[in-house]
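Next come two complexes, and both contain chain A; in the first it sits with chain B, in the second with chain C.
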Partner chain A sequence: MDLILTLGLDALNFALAIVLVAMGLVIIFGLMNVINMAHGELFLLGAYTLVVVQQAGGGFWLGLILAPIVVGLVGLVLEELIIRHVYRRFLDTILATWGISIAIKQAVILGFGPASYTVDAPLQFGVDFLGTTYPAYRLFIMGVAVLVILLTLFVFFRTRFGLAARGVIANRSMAACLGINTRRLDRATFAFGAALAGLAGAVMAPQMSVDPQMGLGFLIPAFLAILTGGGGLTGTLLGASLVGGIDSTFAKLWSPVLAQVVVFAMAIVVIRLFPNGLLGGRGRR
Partner chain B sequence: MMLSLDEVESGYGSSLVLKGVTLNVAAGQVTALLGRNGMGKSTLMKTIMGLLPVKRGVIGFDGAPINGLRPDQISNRGIAFVPQGREIFMEFTVEENLLLGTLGKPNAGWIPDLVFTHFPILHERRKQIAGTMSGGQQQQLAIGRALAGQPKMLLLDEPSEGIQPSIVEQIAQTLRAIAEKEKLTILLVEQNVEMVLDMASTCAFIENGRIVATHGSEALRADERLIHRYLGL
Partner chain C sequence: MKRNALVLAAIVWIGFALLPLVVDDWQLLQLAQFMTYGVFAMSLALIWGQAGLLCFGQAIFFGGGAYAMSLVTMGLIPGLPASSWLGLIAAMVLPALFANLLGRFLFYGRGLRGAHFGIVTLAIAVIAERLAINWEFIGGFNGLMGVPPLNLGIGGDLIDGLPVYYAILAVAVIVFALLAAMLSTPFGLALNALRNHEDRAAFLGYDNARLKLAIFTIAAAVAGLSGALFVAQFAFASPTLLGFGLSTEVLIWTALGGKSLLIAAFLGAVVVRVAENFLSEILGPLWLLGLGALFVLCVIFFPRGLIAELLLRLERLLPGGRR
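Here is the complex of A and B:
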């Protein structure tokens, strides 16, 4: 019983962590049709922001607040300098963001070296939960993910900014003809997506080793979640549950390697049967 | 003049569709643009709106040039566009569609009363998903959405397209009432000659990317051969 509960919580934890990373990707792709290959490196920058803050003597919480702000600003600069010049050239956006990802990774190696850092984690205690003890920090991660999901829903479905953004997603040129500044919206959305990646990086940092390769470890499951789910918000939630659930369950019961194999096999089968993802098209918005 | 085009050239890629259009639209009046298919009517609308680049010439609106501006800037200067095919946001509610028309304007987030005065059905159906309404209702929504931004001028591209005749008559009446009451300037592209003669005070005829003639509606009603000459009916 304990095992099942722990398995369930671990699966939920990993799934929500994937959602946290995938959310920014989905928003940027939905609005601007840009597949942001540098998303993993924005995640990485969030984690390193936390490292820098802690080295400077600031606490974890300060780092957690600064990470999305710093990475959001990085996103703003990237959009202005590079991304906006390749909009509507789909393949070029992949190449450009891939280039950005390599540049950021190398810059981090130059600045911090290739070795890994550990971050002091707060909330170092267990919480009794239905008769089993579960690490408090993991519950905190889940809470942050749920908060981010709710915040995103609120922004997109309850604010003027969200209405304008959905209008641009549905019909960009008509939205512009109605007086919506699509340029400003693109900039704000890219920064928002980047800030989410930065937040995810800082939140996940205490759980993993902070090194220049850490971005990839979350980017791949995030992409798989979007792909199998079919994109959109609901599709991503579904895909993340699938990928996260399978991965963490197999990793715990057998081995992480087998888990990877099963996840990829699942993704191949899903995409073979549902080329547009499980919710393909219907899950968008 | 509310809107004036001077020797405007425009088109898609390297091909010119408008080859020097000169056209004046008087303030507070309904001006119609007539011509056969492929003569450049929709291209002219898109060019005014900033969706297509002006390659030569000047477009002036309300005393200042607007060519080179982005569509959102042109819209916020006071030109509202009702495009061919309506381009309603199908999955959004009626209310959300109308609100989208206000977002760049001083009345952002607030739908002015005149929208519901002229189109009461939009108030009735404001929670309905736009895509589930009939073609005529969607056309009213497209016009209402344009009015929601309290524009000085309305560009209407084929408002009668794909709508049953009885509703066309009703929409024409409403448009006339709006033009009179709100002192709106309207540029209308329309194939339906009856609707045009009903609404417009001036008709301009476009042929091969140029304005070839301009007549008052009175003259056109008096002599039907004039219309047939340019439309080849």
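Here is the complex of A and C:
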């Protein structure tokens, strides 16, 4: 019973972590049709922001607040300098963001060295939960993920910005004709997605070693979650629970390496059989 | 292939053939290694530039070829004699077979397009590297060390700079000529139709899935061959040859050189590696930062690739070129 509960909580924890990373990706992809391969490095920048803040004597919570702001600004600059030039060339957006990811990763290595950092985590105690003890910080991560999901839903369904954004997703040129400034919207969206990646990086940092390679480990699961689920918020939630759940279950019962292989292989099969994702009815390629 | 393009390609190859006059033995060995990367880049240019399939896992086939070559020439396959020729054949057949099976799964039915294909191949490259690290038969994390050099039955083991250089140059020229000839057939034209507008090509009666499968398989065989040539020189097959890092690098070489011209992709790989040799010592980690930035700029402003841009301009200057 204990094992099942811990397994369930671990699975939920990993799934929500993936959602946290995937959310920014899905927003940028849905609205701008840009596949952001640099998302993993924006995540990385969030984690390093936390490192810098802690080295400067600031606390964890200050870092957590600053990370999305800093990374959001980076996103704003990237959009202005690079992304906006390749909007209309779909495959080129992949390559351009890919180049950005290499450059950011290398810049981080230049600034901080290739070695890994550890971050002091707050909330270092266990919480009794239905008869087992579970680390409080993991519960905190899950809480943040749920909060981010709710925040995103709120922004997209209860604000003017969200209404305009949904209009652009549905029909970009019509939205522009109706007077929506799509240029400004794109910029804001990319910055918002980047900020979410930064937040995710800062939140996850205490749980993993902060090193220049950490972005990729989350980028691929996040992509696979989006593709298996079929994009959109519900699709991403479904995909992330599948990817995260299967991965952490297999990792616990078998080995982390095989878990990853199994998850990737299954995701590939699902993507092949349902190119629009499990929930994807709308024919977006 | 247009006449001027052929003339330019011939000039490039003659240039490579004359290089040993000015370059010493050690540098020749390095150049030969870079040329195997060049052949690898041509394989990516073939599916990406010609057929429009952005493959993020081309190193699966390069590494597959490298491992096949190593296993055969080290005599680790029971019942097979340790021969370079057999190794080269295995290094082309195995990746091609794998690509064919994978392609049958990915391209038929509803099929994968664009970014989906890219991300799936990326995931497969990561899986392949993981599996290779955990598979003891092929050396696991440490890889296979002591892969014997090429021995084609003439001139004994190819170790010295000059014979190795010319052997690999010969392979590169043959591969280039065969691929260029293939691309000038109706099959090559159909590939370009596929790249330019998939639905229109299907509407005109082309079997897109079959075209993709064919070119994916051929490109895998070429990548496998380049991997085999690489490992016979490098003498060491490791899981990194299969994975994500090398897949990325070849993408950059091909994009910088020019994905739509085979010769530009080849030059892209060689030039970037030569530049890396000189500059990475001076610049240190700044080199990769600069390369990443250059790659981004190239994607934005010169989507055809820097070397291809140059070659296409030269082509117009030659007599009979379109101005």
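By our rule, the second predicted complex is superposed on the first by the 280 of 285 C-alpha atoms of A that agree within 3 Å, B and C clash if a C-alpha of one lies under 4 Å from a C-alpha of the other, contacts with A are read in each partner's own complex, and residues count from 1 in each chain.
What we mean here is this: a contact is a pair of C-beta atoms (placed from the backbone, for glycine too) under 8 Å apart; a residue touches a chain by one contact, two chains touch by 3 or more.
All values reported here derive from a predicted model rather than from experimental measurement.
Taking the superposition on A as described, I'd like to know which of chain B and chain C A:181 touches: first, second, both or neither.
First partner only, chain B.
Identify the partner contact of A:53: answer first if only chain B is touched, second if only chain C is, both if each is, neither if none is.
It touches nothing on chain B or chain C.
Would you sort A:261 into first (chain B), second (chain C), both or neither based on which partner it touches?
The second partner, chain C, only.
Which of the two partners, first being chain B and second being chain C, lies in contact with A:272: first, second, both, or neither?
After superposing on A, A:272 lies in contact with chain C but is clear of chain B.
Let me test your reading of the model: by the given contact rule, A:109 touches which partner, first (chain B), second (chain C), both or neither?
It touches chain C, and chain B stays clear.
Please indicate which partner A:91 is in contact with in the superposed arrangement: first for chain B, second for chain C, both, or neither.
Second partner only.
In the superposed arrangement, does A:173 touch chain B (first), chain C (second), both or neither?
First partner only, chain B.
In the superposed arrangement, does A:243 touch chain B (first), chain C (second), both or neither?
neither
What residues on chain A does chain C touch that chain B touches too?
Chain A residues touching both partners: 285.
Using the touch rule from the top, collect the residues of chain B that touch chain A in their complex.
49, 51, 70-72, 75-76, 80-81, 83, 87, 89-92, 96, 99-101, 103-105, 108-109, 145, 149
State the interface residues of chain A toward chain B in the complex, per the touch definition above.
160, 163-164, 166-167, 170-171, 173-183, 285
Could you list, by residue number, the parts of chain A that touch chain C in their complex?
For this pair, the touching residues of chain A are 35, 82, 85-86, 89-92, 94-96, 98-103, 106-107, 109-110, 216, 220, 223-224, 227, 257, 260-261, 264-265, 267-268, 271-273, 275, 285.
Would you pull the chain C residues touching chain A in the complex into a rising list?
So the residues of chain C in touch with chain A come to 54, 105-106, 109-116, 118-120, 122-124, 126-127, 130-131, 133-134, 244, 248, 251-252, 255, 285-286, 288-289, 291-293, 295-296, 299-300, 303.
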